[in-house]
Structure formats: C-alpha cells, structure tokens
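Take a look at the structure set out below.
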Amino acid sequence: AGISDDVVKIGVLVDMGGVYADICGQGCVTAVEMAVEDFGGTVLGKPIEIVSADDQNKPDVGSAKVRQWIESEDVDVVTGLVASSVTGAATKVLTDAKKIALISTSASNAFTTKACSPYNVHWTYNVAALANGTVKPMVAAGKKKWFFITADYAFGHALEGIATKVIEESGGEVVGAVRAPFGTTDFSSYVLQAQASGADVVGLANAGGDFVNSLKTAAEFGLTETTDVAGLLVFTNNALALDPAIAAGMKATSGFYWDMDDQTREWSARFKARHGVIPSMGQAGQYSMTMHYLNAIKAAGTDESDAVMKKMKETKPDDFFARNATLRNDGRMVHDMLLVSIKDAASRASSDDIYNIEAVIPGDVAFNPMLPECDFK
Amino acid sequence: MSADYVLETRNLVKEFKGFTAVDDVNLKVERGTIHALIGPNGAGKTTVFNLLTKFLTPSRGTILYNGADITSMKSAAIARKGIVRSFQISAVFPHLSVMENVRIALQRKEGNSFHFWKSVKVLDKLNERAYELLDEVGLKDYANALTVDLPYGRKRALEIATTLALDPEMLLLDEPTQGMGHEDVSVVADLIKKVSANRTILMVEHNLHVVAQLADTITVLQRGAILTEGDYETVSQDPQVREAYMGVEADDEVAQAIAAANVAEKANAAKGGTE
Amino acid sequence: MATIFGLNLFALSGQLLVGLINGSFYALLSLGLAIIFGLLKIINFAQGAMYMLGAFFAWMALNYMGINYWWALILVPIAIGLLAILMERFLVRPIANEDHLYSLLLTFGIALVLQGAFTHIYGSSGLPYQIPAELKGGTKLPFMYLPNYRAWIIVSSLVVCFSTWWVIEKTKLGAYLRAGTENPQLMQGFGINVPLITTLTFGFGVALAGFAGVLAAPVYSVSPDMGSNILIVVFAIVVIGGMGSIGGAILTGLMMGVVEGLTKFFYPEASTTVIFLFMVIVLLVKPAGLFGKEA
Amino acid sequence: MSSTGEKIRINDLHAYYGESHILHGIDMTIMQGELVTLLGRNGAGRSTTLKAMMNMVGRRTGMININGTETINMAAHKIAHLGVGYCPEERGIFSSLNVEENLMLPPNVRSDGMSVEEIYDIFPNLAERRYSQGTRLSGGEQQMLAMARILRTGANILLLDEITEGLAPVIVQKLAEVLLMLKERGLTILLVEQNFRFAAPIADRHYVMEHGHIVEEVHQNELAEKTELLNTYLGV
Amino acid sequence: MKINKLYLFLIVVALVAPSLVYPVFLMKLLCFALFACAFNLLLGFVGLLSFGHAAFLGTGGYITGYLMLETGITPELGILAGTLGAGLLGAIYGKLAVKREGIYFAMVTLALAQLAFFFYLQAPFTGGEDGLQGVPRGALFGLIDLSDNFAMYYFVLAIFIFGFWLIHRTVHSPFGQILKAIRENEPRAVSLGYNVNDYKWVAFIISSALAGLAGSTKTLVFQLASLTDVHWHMSGEVVLMTLLGGMGTIFGPLVGAGVVVSIQNLLSGGELGNYINIIMGVIFIICVLAFRSGLVGEFQKLMKKNFN
C-alpha cells in the first residue's frame, strides 16, 4: 500500500464565479486548505497537495476536469462538488476510476440513493433533511395546505417531490405548484398564483438568487402577511442578503450555524479571518469532511480508495461540525441538523447574527434510512 | 400584320400606399428590336423594370413572355427564362476576378452549382467561353484583374459581358450610361448596339442622344401611364412629349442626335463595305 | 365569481396587470437598446451589464455615500450615461465604420468584464436594497393587492419611454439624430456636429438602462448576473418590435410583458421561451418586425 | 468678408483617402456671383475636390479659404455655417425621413434661403410626393430633392456635384434657369458636371481636371477657341 | 505546394500529439475546432452570422448520447445518426432562417435555438440540466474499444480531418463559387438566375450537420451530453473562436478554437479561475479593437506585406 505517487492530491471542484460561488466557491477551497494545514500538511510523511478548478456549474466542464485530474494529474480524491448536476457527472467518472467523491454542498439525495456508489461520501445535508427538518414540524403545527414555487430543474423537482411526500405522510395536502424556469427575474405572477391558491404555507423549493427574489416579491405583494412562507434551502449568505424586515421569523433547516457554541465559533472566527465572511454549512462541512478523509488515510496507512473508504465508515466523525454523527455504508453522513429561524433586525447583536436555533433535529429524524441496495458493507 | 412580341404587359398596375406608380400599362416589345422607355422623373420607368423582373410584385395585370404568363414567377426563375437585367448602378462581384465574374454566369447552365463535393476545377472548361465573352466587350486584357480595381466604364462593360454569358433572349437596361463621361457613353452605346444582334433590348435612358441613336421604338411614360409610342421622330415631334419631357431645346437635340446617328451609320456602312 | 374557460377572471386581471408592469420594464430596457441600434446601428450587448451597474450604483450610493433612492434615480443614470460616453468615445468609436458584428462582439466583451468584475468583488448571491419608505405598502384593488412600488415602476417607466419617443420621432433634434445615423458625413456637411450627437445618444440610451437598474434594485436582488439574464429577452423584444422602431420597442415591450405573464399563468415552464417562439413567428410573417419598416 | 468679393480661394490642396493620394495640389479662386464648373473624366478627382472643401476626405493639406475664413483645420460641421451648401454626387437622401422632412432637415446657415413654396414651385414632383419616404422617390426625384434641400438653407456658396444626373431634359433646362437666377441673386456656385452642354451656356469659367491636377482653365469667352482642347480632355 | 507541406506537417503533429499532451484535451480541441470550422462555413463564406449554432452541436450530442445509452449501437452509427439529426434540424431551421438577412438572420437563428434549448430542457429523455451522463464510448465497428483514450483520439482525428476536408472542398467547389458570388453581391446573383435562398439553405444544412458531427463526437469523448452544448453562450463562444482565429480563413477557426479551449483549460484550474469572465471579455475587446481579421487573418496580412 502506501501513498500513490508519493503525494495525496485533493481536487476541489467548485463554482468560482457563478450563482453558487458564495455558497461553495473559493470559500470551500479555503476550508480545504485550513483542513490540510490543521492536519499538518503531510500524511504518512507524504505531502498533501490541493488543486482546485471552476466547474462553472456545468456538468460537462466539471466531469471533464475530474477526468483530466485522475487521468493525467494523479488526483486521489475530488471534493467540493456543489451543483447536483455537476456532482452527478463527476461521481460517475470517479466511480468508474474507483476514486472517492467527497460531496459537500450538493442538495440532491441521489448520490446515496438511486445513483449511490461505494465511492460517494455525502456530508453536509440533502433535500430529504431539508424537507424533514422544515416541513414536518410545520405540518404538525397545523399548516396543512401547501403551495410550491419550485425552481424548474432537477434540484427543485427533487425538493418539491420529497417535501410533498413528507407533507402527505404527515397528513397535509399540496394544493398547487408552479415551476419557475431557471433565471426567472420576476416572481410576481407566481406569487399571485400562490396567493390565489388559499394555501397555509407557500414553500419555496428553490435556492440562491431565485430564493431571495421570490421571497422579496412575496413580501412586496403582501403574501408574507397572510400566509407562511417557508424557504426550503437557505444558506447563510442568502439570509445575510435579505432585508430582516422581510425574512424575520422564517424557518429553515441548516447543517451548521457558526454561532452555536464555542467550538463552532472558534473555527468560524478562523474561517472568517481568512475568507472575510462567516462560513456557510457547505464550507464548514467541507472542512470536517476533508479532516475525516485525511484521518482515514493515516489510520489506513494508504491512500488506496477502498481501504480509506473502509476506515472512513468505521470511524465516527466527530468535530465542531459533525455532532452525533456516523458515516453510513451508503456514504451518507448522518448528523444532527438545526432548525433555525431568521432573527429580526432588533434582536441582532451583529450583522452576522442572523439565526435563532429553534431545535436540534437528530440525524436519524432528518435523514431518510439507508436503502438496502446502497449498503456497501 | 401582327408583329412578333417577346414581351407584353396587359393592364399592368402597381400601387404603393395610395399612390399609383404604374397605371394600366400595356407595353409590347417586338422581338429583335431595341425598345426605349423614356419619360419624366418619377414616371414609373424603374418601377416597370422592377415589375418585369419581379423585384416588385404587380398589384394587377399580367406579364407575358413569349406568349406565356410569367406574372407569378420569381426573380431567379425569370432570369433563367432569359430575361436578364442590368442595374442602374454597376452590378459586379467586386472581389472575384473579371474572368470569374463571367464564369459565375456561365456556370448556371452547367447544372453543377450545388455540387459541393466536386473540385472547382470542373469549371475550367468554361474558361474559354469566358475569355471569348470578355474579348467581345474589350476586357480580355483584364481577365485576371480583381474587379474592384476596374474603372467605372469597364465595370459596366464587364456587367454586360456577364449578362451576355447567360445568353439572354431579352435584356433590360436601366440607365446604362448614367454617371458616365462622354467617352464611356459612346463606348457603352456602341456595345449595346453590338449585343443587340439576335436579342431584344428594353432600356430606360435619359440621354436622348443614346436613345435617338439606338432605339427602334420608344414608349413614353408619364405618371405611370403610356403617353405615346413610336420611333424617335414621331415621339419627339409630339407636343405633349416635348412639354412633359424633352423641353424646348429638343429640336436642337434631335437634329444633332439624328445627325450623329447618321454619321455613325454611314461610317459603319463604309466599314462594312470595305471588308 | 366570473370565470372564463373555467378560470378565475379576477386572477386573470391580476396576471394581466403584473404582466403590464413587467412589460413597462421591458419597454424601458428595449427602448435603450432600440435607440442605440436604431440610431447608431450598434448592437449594445453591454446594455444588460449597464442595467446591472445601475442597480449596483444605487446600492453603492446608498451604502457608501448615503445617497437615497430618489437622488440615485437621478444621479445614477447620469453617472452611467457618462460612463457610456467614455465607452463610446474610446472603445466603440474606433470601430464605428466596421461591420456591426464587431460592435456586438466588443460590447459583449465589455459585458463579460463588468459582470466578471462585480461577481469578483460582490459575489453572486446579491445585495439587498430597500423599497423607499414613501413607496412602501400597497393598494387593495378588487382583484389583487398592488404594491405601490410596482405602480411607481409602471408610471415612471412609461413617462420616460413616451417622452423619449416623442423627442426622437417628433422633434427636429430627433430628425437630426435619425438622419445623422444614416449618413453622418453628409449631416456634418450640413453643419451638424454628428459625433457629439452620437456620443450623447449613446450615453442617453445606456443611461436608460441605468435608470431601469435603479428602478429594479428594490424589487429584484442586486446581483451581477441580473443583466445577462434579461438582456437576451430584451433583444428579442427589440427584434419583434422592428429593429429600428422606437415606438415599436416600447409597445412590444409592454405586449411581451403581458404575453409572458399569461404564459406564467398557463404554462410557467415555457415563460422564458415564449418570447422567442413569438419572435420566430413574427419574423416569418412580418420580416421587419411588428412595427418595423420593410426594407 | 474679403473686400475683393473673393469667396473661395484654394491653394496647393492635396487630398488623400487612406493611403491613396487623390488631389495633387489644386489651386483655384472663385469670386462672388461667379458660376464655375469643374470638368473632367470619371475619376479625375472633381468630386474629391468638393469633398475636400467640406472636410469629408480622409486627410487634406494646403489652404482652403472660404468667405474669408481659413478652413483647413476646421471641423467638418462648422464649414456649412460659413454659408456653404453641398449637394453630393450620391444624393444622400435620408430614408428615415419623408420628403418634406428631408427638405427641412439642413439647418439654415443664413436667413435668406428660398421658401418651401418657391421650391415646390420649381419641383412640383416633390410637392406631390411630400409625405413619401425619401428613398422611395424615383432616382430623378431624389436628385431634385437633394438640390432643393440646400436651396432652402440660404447658403450663398453652392458646391453642386452632378446635379443633372438622371434628370429628364425638361428638368435639366429648368435647373439651368434656376442656377442663372441664383447667380443673379449673387450666389457663388461651383458646379461639377459631365453634361457639358448644360454647363457651357451658364458658366463663367471652367476648370478642367485630370488625375488630381487642374490642367486647364477656360473662360466663357474662350470656349469657342478652346473647344478642340476641351474635347481632347473630356474625350467627347 | 507550400500548402501541401503545411498540411503534411500538421498531420504529423496531430499523429504524435497524444503522446505529448493529454489526449482528452486534444480531442476537445478537435471537436471545437470542427464546430468552429462548420460555423465559419456560414459566417466566413456565406456571410451569415448564425447565433444559434449551439442547437446543432447539442442535437448531435443528444441523439448520439441517447442512442449509445439506450440502444447500444456502435459508435460510428451513433455519430452518423447524430450528424443526420442535426442536419435535419438544420434543414428545418435553415429553411426558415435563410429568408432573412443580417441581424435578423442572427436573431431568427438565436430564437430557434432557444426553442431547441427549451425542448432539451423539458424533454424527458435528456436528463434536464444533469444531461445524459455515462454515455458508453463503445467499440468502433464493434471491434476497436474506444474507452482507450488513444484509440478514441485517432478516431476523433479521422472525423476531424474528414469534416475539415469537406468544408475545404465545399468552399472550393462549383457550389462554393456561387456562395462567394452571393456574398459579394446578392441581387446580382439573383439577376443571373440563381435562387440564392436555396444555396444558402444547402450551406446551412452542411454547416449544421458538421456542427452536429462535432457535437456527436464530443458526447462520445466526454461520455456526456448536456445543456451547455445547446445554451446560447455556446453559440456566442463559437463566434468568438471564429473571430479570434479569423473568419473566412480556412485555418482561422481551428486556431481560434485552439486558443479559446486552451485559455479555458488554463484558467479553469488555479488562481485565475475567478477571473475567467474578465479575461475572456478582455480578449474579446482586444480582438475587436486590434485584431479584427483574427490571428490567422492578421498573420496572412503580415505575410502579404512582407513577401509581396
């Protein structure tokens, strides 16, 4: 065994300039760098090297880069992995080459279900956790009729689908949905439709700019005053960009919040010092996952994928990010999730003080159980 | 005796928004003649040309070519039938060589114009004919020059050579001498005379000398309608035509023009005699 | 409740109004493009970026200098107009006599640079900008709740659009403009300072985008890609209206807003595509566009 | 204004289009109230001379004094305001404007231009088609419009390039009368013409150009004796 | 003769290249070069700026990808089907578009391409924005396993040479002569009896089929067909490649594609990744301001100046 090519090379594939750049772009690269430095820069006496690339949120660009990394640059593991479409294409290439994919920020749950693979590790969250975390308690609290404004692409469909399932299982009902094409600027028409639907809750099954725009429009047209609006995927940087007057009180599920306890604050402060803004859950997960991977190499005494994977699954992740965590055989990292609500302007101590933590959702409640066909021993 | 008409229009009308540019024109062009269309500015001459070549669609009326109705044909089809037009401004392919200009026209009949898989060398067999045509208009020495570099008058000659390459039965010339100096005017006029053999020519021209020298029949248009028709002498004596078109000095012009034409004819006859 | 084809008429009226609001926005943006194309024969691909810049400038003015919305509404378009004047003078003018393709590519490049630079500096997730206090709240119409700010958008953009149209189509200055684009040299010969007019026109056309950007800042998030998303749709609108037609651009903008709004109601997935479908049909039936003059 | 009544003085004018050197040192002087023609074959450089005076060529050197003002370094749009009206060879009718708008377009450079009524009187065709789009006019009508347009501005120095081109003989005759009338009024006219028959009776003087040089100057009273010479230059 | 030597040299370079450079990169380059050459046939030699060529690239890719995934046919048949499919789409789109000129042509093609984009976004078999992933490369004629990058490379090279040759031949054919005439003076070509729209149409079909060929090949190389290939940015990119290399020159698109793909490759990793849009934008601007004839065009000018 030992270290192939005498170096452990980590490829970080992220969105450098597109819509996800703030969620997991240069910030994720920084998180990996921090992990490598904290680990000591070498493993088993060999140097750890980082290469990074921009996937432009395009599956073809991403998979081509991954292919090049493993075919001609001896990259051992690929991480980052933001847009689900890119991750899907990249994991296919990686699995073919028997290389590990450490997925930080993708939302789709496919990588541990219908597209599961012995080489996939999915760390921070997924759509199931979002639906279970945010939707379930609301239905339980009597918000039974839902209307969705959904981003018209796979991620939005998946989120809407899984949330619908959760709603119906918990005794609620979906009274309508509109699918807004990617790049929609004006949501007023959809908001009017939501208003007319008579729903108790309008679920925003979208992300990033779409989420911010749709929420703003909902507030402008008075929807937020008459109806609950639930953002199903909210990143800290979206919350930062929102006017507290509009967003206050809104609930969301997150894999991480910087201001949870001393451990999170300590790491987040270091991150902010380097990167300029507080970490998103993807960036925090990125660090945690990289650490776990390096530790596994050390424990296994090799960087050979199967051995490392085995070690990663044997050892329970445990750090500021991963609480009560296990890495299941399907590659799903199950850990405590947080139900948060957005603070109003008055109760914010600083501009970074955006969430109240309402509840901790235990991992096995948040994440769906493992499928038998994905149980890679 | 019923004459042999190549081209006939019947009650041809062209209306632009609330304005009738061509008004019920019945034009008959006899085979083998040079027929001139004259008239004041805005009389509708260019519009008639545009209708005949389908650059415009007639509002009403029919166009007959060799007895067949061509009113609904498209421009290119009409050209393939043998009616070819030259333009008011010279129309050449500026960045092709002089010879290639002519060859483009010859190529059409070859039937290989869509053959994108063949080498351009298959066109070489047309070169000889192209040179012949260039020789006819006095451009042989320029065959390999780039067309943009030709002086204006020669471009005009090239255009005519290109037109001849199609072996048209009928030529439509719109102000062929416009913008030319005296020298070029007579060159082009001679050229027209020369190519009129076995062809029918319909031309628009404001230069009365050229008209007098060349035209067998003249149709005078005014306000879109035919004012009168006949040979130069008849037309130029018509008081209406003189008022509307030629003006008072026409006498002078006619005298000179006819004299010039006579001299030219005599000279030609003399040449022919000594050969 | 009145229904048509089993649909709620009230809901439909709401959708129509919302469509009209978006349409007035489109009108403003396509007007700028149409002026620049119709009068200067420049296809300004940077118009979207300038719109984005308008929104960003408004945000920067507020956050760095404390300039409020109302002042921004006046100052930002001026600033952007000046920027455009520099751009015209130093980048566009040197290629004024080349194929239009080149000005398209040049402005495309400028758009890339601007968008890239703002993404780099401000990130991609967008910045917040508040609706000015005076326009907060809304009015309850029988069929919908109309936010005051949206009403303001429709009123202000229509006023700007129609006054611009009037100046260009009905005044002597407008005639100079139109003639100057056709044959600048001759207009100079007539004693008109064409380069100056050209520069100012370009500046004005782009300033319209800046104005639209400021209008947009409170309702859409201020983000670097806001311009590139909308630009191509606005292009289609200008083409549908007829490339040279100023009035056509305005009317078509309004119309397409409505068409898009209705599509969002009946078949939302197609709402970003419907305008292109419309464009194909229009161009095939009426080659020069709805309001364009046939060549 | 110069006391001698000298309206145009050109000294050693050179003009270039890009690399090509078209005018090679032109000298000419035109007095107030004179009608002078520029004759020559196609491509001799006559149009270029007019364009150079209007600063419409690529580059020019020498001296061009118009109405007492040196213009060689003047911006193109300022020249018209010295009282110059230019009618270009290619007519330059604007398709985005209708006939009347075309007519009204050039700003007045002086106050005593012809009135629109007067102009419509001379060119009835234009009156009839006044609301048509400019370029929808027939070739000859466009030529009339181009000429009419500058008569309106009150310019007292006219630079006219081939204004009889494509016009019916009646109109050509009418134009001759108009030019004589303008001359009566004291306007200064520089006329580029192919149609020598039109120019000969109305012009005071002729300059003959060849290859960018002025090769001959002929006064009206010398016409008879220099006919031969002119014929060789012009290739009649 | 000089030209023949140049071709020979290039072919030798192409043959040895994969042992020096990462073959997948070379294949990408060849695919885009073919795409740009196909596009240039329209822009450079007919004077039609299509702003919707991505539709054909993508159509080729999706058809090939779908067939390879679902039916398990051999790759050469998959590519053939993709090419024909793109050609067919080109025939339909072209029929509509060639009626228009200039900027309208560009806009019609753009609009039609947007419709294609919408179709591929919504159609159930394309996998939405995930695209068709994991397309097998298969075995050429059922014999040569293409999963080996070297085998694949020579296959792609052969395709490229074929496409390049076809374009070259088209330009220098009797048909090409007519195209040239049409570009020079269209009304004159009409008056000589040529139905110019038919000629433009045929050129459009050839161009779109070859663009489809490039897309099909690309799908096979990357084992993926995605929306990127039908997005209007791709249509813009091919304009950039052609312009940068020199439109209307035979080698221009090849060089342009090479430069653009290399720059993207260079920037996609490393620190400069952040600046990719800015750098591409600056290249655009510099190109337009200073090298309008493109790299090859400028080079030819230089040669002319110095050697004539």
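A few comments on the model shown:
As written, the chain order gives the labels A, B, C, D and E, with residue 1 at the start of each chain.
Assume contacts are C-beta pairs under 8 Å (C-beta built on N, C-alpha and C of every residue); 3 or more make two chains touch, one makes a residue touch a chain.
Please read these numbers as outputs of a predicted model, since none were measured by experiment.
Considering the contact criterion stated above, the chains in touch with subunit C and with subunit E alike are A. Where touching is counted per the definition, the chains common to subunit A and subunit B are E. Ranked by how far their CA centres sit from the centre of subunit C, the chains are topped by B.
Chain centres here are means of the Cα atoms, and by that rule the chain farthest away from subunit E is D.
Separating the CA-averaged centres of subunit C and subunit D is a span of 44 Å.
Centre-to-centre separation of subunit A and subunit C, using mean CA positions: 36 Å.
Averaging C-alpha coordinates per chain places the centre of subunit B 50 Å away from that of subunit C.
In subunit B, no position touches at least two other chains.
In subunit C, the positions touching at least two other chains are 116, 119-120, 269-270, 272-273. Counting partner chains per residue, subunit A shows two or more touched chains at residues 17. The complete set of chain-chain contacts reads A-C, A-E, B-D, B-E, C-D, C-E.
Those residues of subunit A that touch subunit E in the shared complex are 16-17, 26, 51-54, 56, 58-61, 63-65, 67-68, 71-72, 84-85, 88-89, 92-93, 153-154, 182. Only residues 53, 55, 74-77, 79-80, 84-87, 91-96, 100, 103-105, 107-108, 110, 112-120, 122-123, 162, 166 of subunit B touch subunit E when the two sit together in their complex. Subunit E contributes residues 22, 24-25, 28, 121, 128-131, 133-134, 149, 222-224, 226, 228-229, 267-270, 273-274, 276-277 to its touches with subunit A in the complex.
Subunit E contributes residues 166, 169-170, 172-178, 180-181, 184-185, 187-196, 198-199, 202, 206 to its touches with subunit B in the complex. In the complex of the two chains, the subunit C residues touching subunit A come out as 8, 11, 14-15, 18-19, 21-22, 116, 119-120, 123-128, 130-131, 138, 144-145, 147, 149-150, 219-221, 223, 225-226, 229-230, 261, 264-265, 268-273.
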